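Across the two complexes that follow, chain A remains constant while its partner is chain B and subsequently chain C.
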Partner chain A sequence: MLDSLLSLGGLVLLRDSVEWEGRSLLKALVKKSALCGEQVHILGCEVSEEEFREGFDSDINNRLVYHDFFRDPLNWSKTEEALPGGPLGALRAICKRTDPGPVTIALDSLSWLLLHLPCTTLCQALHAVSHQDSCPGDSSPVGKVSVLGLLHEELHGPGPVGALSSLAQTEVTLGGTKGQASAHILCRRPRQRPTDQVDPTTHLTFNLHLSKKEREARDSLILPFQFSSEKQQALLRPRPGQATSHIFYEPDAYDDLDQEDPDDDLDI
Partner chain B sequence: MMAAEQMPKKDWYSILGADPSANMSDLKEKYQKLVLMYHPDKQSTDVSAGTVEECVQKFIEIDQAWKILGNEETKREYDLQRCEDDLRNIGPVDAQVYLEEMSWNEGGGLAIGTVLLIEEDKYNIYSPLLFKCFLAEGIVNGHTLLVASAKEDPANILQELPAPLLDDNSKKEFDEDVYNHKTPESNIKMKIAWRYQLLPKMEIGPVSSRFGHYYDASKRIPQELIEASNWHGFFLPEKISSTLKVEPCSLTPGYIKLLQFIQNIISEEGFDGSNPQKKQRNVLRIGIQNLGSPLWGDDICCAENGSNSHSLTKFLYVLRGLLRTSLSACIITMPTHLIQNKAIIARVTNLSDIVIGLESFIGSERETNPLYKDYHGLIHIRQIPRLNNLICDESDVKDLAFKLKRKLFTIERLHLPPDLSDTVSRSSKQDLAESTKRLGPGCGMMAGGKKHLDF
Partner chain C sequence: MFVELNNLLNTTPDRAEQGKLTLLCDAKTDGSFLVHHFLSFYLKANCKVCFVALFQSFSHYNIVGQKLGVNLTVARERGQLVFLEGLKSAVDVFFQTQEEPHPLQFLREANAGNLKPLFEFVREALKPVDGGEARWTYPVLLVDDLSVLLSLGVGAVAVLDFIHYCRATVCWELKGNMVILVHDSGDVEDEENDILLNGVSHQSHLILRAEGLATGFCRDVHGQLRILWRRPSQPTAQRDQSLTYQYKIQDKSVSFFAKGMSPAVL
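Entry: the complex of A and B
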């Protein structure tokens, strides 16, 4: 399941609540990405770094790039470590210096960001970040960017939740009954891009291809009821008086000329 | 399906010697008088043969004229046709002009200067199809396009337009290379079905009564068509830098930029009549995607009483002003299901000319309802235009549903079956609503529904 959540890329929205917390799922996804060798950035705003890193092995911890906004979000201590631009600045900076390769950015949490930033700004930033890989004509080919956002449903009205939901590629809502947690996953598949002619003869356990010799042999085969070509021509020659005709067919409203679509009344 | 009858462009009124405003009894009088004059039997015998010929011709004409003008229905049709021709002579030839005397059902297409608003379906799967159809129609007709989006680069949007289905003659221009490699039709050697080798293939008849074009949803528009077209794109992230200081203003900066962009294009390319040298007046088709979403910087989807809750309505007001004074038509898709304040939706509806809502069945309980088994969603007609009229001509078709097959996007009238029980599987009859010439070959993208969906 974790694979499928990460495979689409874009924004993955994790909606949790007080009863069914989502940080463990977020951490699991982070761990998965790190194990796959992706670059993983964490924007930690809600919990301390130690608490977030808890539960990860040391090698995973070494791979995580942690941006701490919990300890000093407004930069009162004015140290050099401070990142300019706040969390959004950090987000943009991550995207700008990305080397080719997939990147996963975990936002802990979107709720915190929503409380500190206007919703529209956040939406625009998330969209810019998660759609970076689809920019044509960019000088640096950027890998797939996945943004994992943790959102606490109860803290927000239907507006922001709806807005973020419409931006998300994948949405996971955590719920459950009586101690059994469950996740409801909603995937927005990207628009079907037309594929080139898929060759159905590949990936089969038997060989359907023809070699050149086989093809020639097949072409020269004489079919049982086939006339010789002279007789064919003789039969095809238009008889005198038979005018050439044109067929103008204007299909009716009920006609469906799409050969590949199955008929309406077939229960497939 | 019969080809449409071509009405010969004769002036029946002058043939009868009557005024176009004459009533039926006048016309009848004139007809009877003329018939007596020109009837072959009533001619004097010492008249030359040539004159007799002429008289017979004249008589036939008079008879034809009466056939058309004497019948209420045909007279009405003829009158409307005359009106249209007159207006076409003074108005732009290649624009779809809305004609006052024509009732809404007679005409077709999106009137110049109006806004078509599509309320997006929840997961925004079907509304882009209609949006792209509108743009594709513009490309095929040679109109100028203006595509605005905050979500996708307009160049990408154009790449994804559906391919038009053109009849063989025009298709040859585009598929030149393909045809060069293939052997011409008459030489196709069929091995098994050789008796059919020389039979002509199916073609679309020369008299095409179609209005608009048909699109194949599974194919992309040919690259040459896009390159040959004149289009302008507005991609918000490019036009607005993220560190722009937002000044308090009634319109969000994104909207202001878009309005300025549209206004520039209209005046530079002469759509507002400011460039009199242009003989061939063209139409500007504007498409705006996801208007009102947070990506435009508008917070009506995020909050119920945001700081800029009038921004969108002001934008629409100004846009409409721009459209009404230029040769342009606009399509907008809007995620109204996200707008928190319902009053805004009502205002937006009032500010648009046509409003259609798409409701998809995905994820709703209607998905399992047997009534909707064959469909993917419903179309709600929220508003139809009242252009130059006080009232609009509402048709009685209220329930429309759509379905998207591989190539075909169909809109059909939804009939309630007489008895709805779980065992009845194919009970709902599908009737194509009285509609126009959008009904075409089955492998096109057709809107068999209301005429105002013809673009």
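Entry: the complex of A and C
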């Protein structure tokens, strides 16, 4: 299950609640990424470094880079130790890295960031981070970036949660009944690139394919109400000598033909 | 302290866990008996206690404390108890000189910024004294109650930041404990209070929730207590245990029993 959560990359949103906490799942995903050989960065805002690293062996701990925003996130002690730029600055610094390997960033927690930063700023930063590998024109190929975000559902309104949810490739909602935990997983398929587009005409019981002749006939068809340039020219420059249209009418016995113009008395 | 509650929580003053945040919350009832329990518990455990008392006066806690076997006046004189009496010192904010920021400095400000002066008061009160031998086991911060800060105009995020900094200093750095009371507004829609309650819930290791009975007032059963253990230290330990008991408050003790097993009914 953990493999499938990490395979899509992008933002993985872990939604937990007071009764069903999600930090243990976050740590399990971090451990999985580290075992796959990825470099893992942790933006720790809610628990201390010791508490987060608890339960990991030393070889996993060596792969974890912990950015400490727990001890003094708001710089109340006014020492030089404060990391410049805050958590978002650290996030951008991680993405500016030069080595091309895949990287996993764990945000513990997104709720803390959402309470202290405007929602739009956070969403823009997350979008920039998780879509970094699809950025064209970059000289150095950058590896896959996975972002694991822990979100405490009850702390936020439907607006910010919905915004983060729409940014996420995968969403895991933790719940359960009577001591048995459960996880509801929602995967969003990534947007397909044009070259990989699936052909919709395959696997049908009827034939939607066109032969070469049929395709040519279809392409050369002029639609009756389509305003083409030829039609425009014909209307703008009426050809000389072209007779106006004639109406041939044979009156029968019951017709009352009056040659006078009935609208003569209209004063327009 | 209430011995029956100690049994339910499986703890005693001499072998209590350290570095833990306990959240007390009450809904449709008065949960202050839990505050009195923990105050006497930690004083008996020989801890250095910093009590930020915003809800009641010193004499109130002293009178109840004497019924539970602790003398707050003596504890304060010995230096074991640092007591911030919110009701009295709120007035001092206006009559004190401006040199050092008062813990309740936010009362003077038009838009209450942060609770940094209050945090610095707590840190100063609980920091270990250099030079002397350790008289006290570990520091404890007790707050009664946090919802009062919201009523005084502090934002929910500012209060959460204050709790965060206290947790980093008291629980992590000094390996002490914290006990916080937050009221649950229940049916009344109070977004700020909900954010505060849920925010502190996510940071806590133990949540004790006193609720009034759904059926209303009863002479023999005063309410229901829900106990939720969170964030176990070992990942393999049984997680998120939750227990529910009903209780009756008597003059000097509280008796707990399983739902429907009140002695008056049996």
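In this section, the second predicted complex is superposed on the first by the 184 of 268 C-alpha atoms of A that agree within 3 Å, B and C clash if a C-alpha of one lies under 4 Å from a C-alpha of the other, contacts with A are read in each partner's own complex, and residues count from 1 in each chain.
By our rule, a residue touches a chain if its C-beta (ideal position, glycine included) is under 8 Å from a C-beta of that chain, and two chains touch if they have at least 3 such contacts.
All values reported here derive from a predicted model rather than from experimental measurement.
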Quick check on the superposed pair: does A:162 touch chain B, chain C, both, or neither? Answer first, second, both or neither. first
Just checking: does A:128 make contact with chain B only, chain C only, both, or neither of them? Give me first, second, both or neither. first
A:188 contacts which: chain B (first), chain C (second), both, neither? first
After the superposition on A, what does A:46 contact: first (chain B), second (chain C), both or neither? second
Between chain B and chain C, whom does A:101 touch in the aligned arrangement: first, second, both, or neither? neither
Once chain A of both complexes is superposed, is A:74 in touch with chain B (first), chain C (second), both, or neither? second
Between chain B (first) and chain C (second), which does A:37 come into contact with in this model arrangement: first, second, both, or neither? neither
Now for A:54: first (chain B), second (chain C), both, or neither, which partner does it touch? second
Intersected contact list for chain A, partners chain B and chain C none
Residues of chain C touching chain A in their complex? 114, 116, 119, 157, 160-161, 164-165, 168, 172, 194-195, 198-199, 201-203, 207, 228, 230-231, 233-235, 239-242
Chain C-touching residues of chain A, taken from the complex the two chains share: 18-21, 23-24, 27, 46, 48, 50-51, 54-55, 70-74, 76, 111, 115-116, 152, 154-155, 179, 181
Interface residues, chain B side, partner chain A - complex: 1, 3, 123-124, 128, 150-151, 153, 155-156, 160, 191-192, 194-195, 197-206, 218-220, 237, 242, 293-295, 297-299, 301-304, 335, 337-338, 340, 363, 374, 405-408, 426, 432, 439-443, 448
Contact footprint of chain B on chain A as seen in their complex: 92, 118-120, 123-125, 127-128, 134-136, 157-160, 162-163, 166-167, 186, 188, 191, 194, 223, 226, 232, 235-236, 238, 244-258, 260-261, 264-265
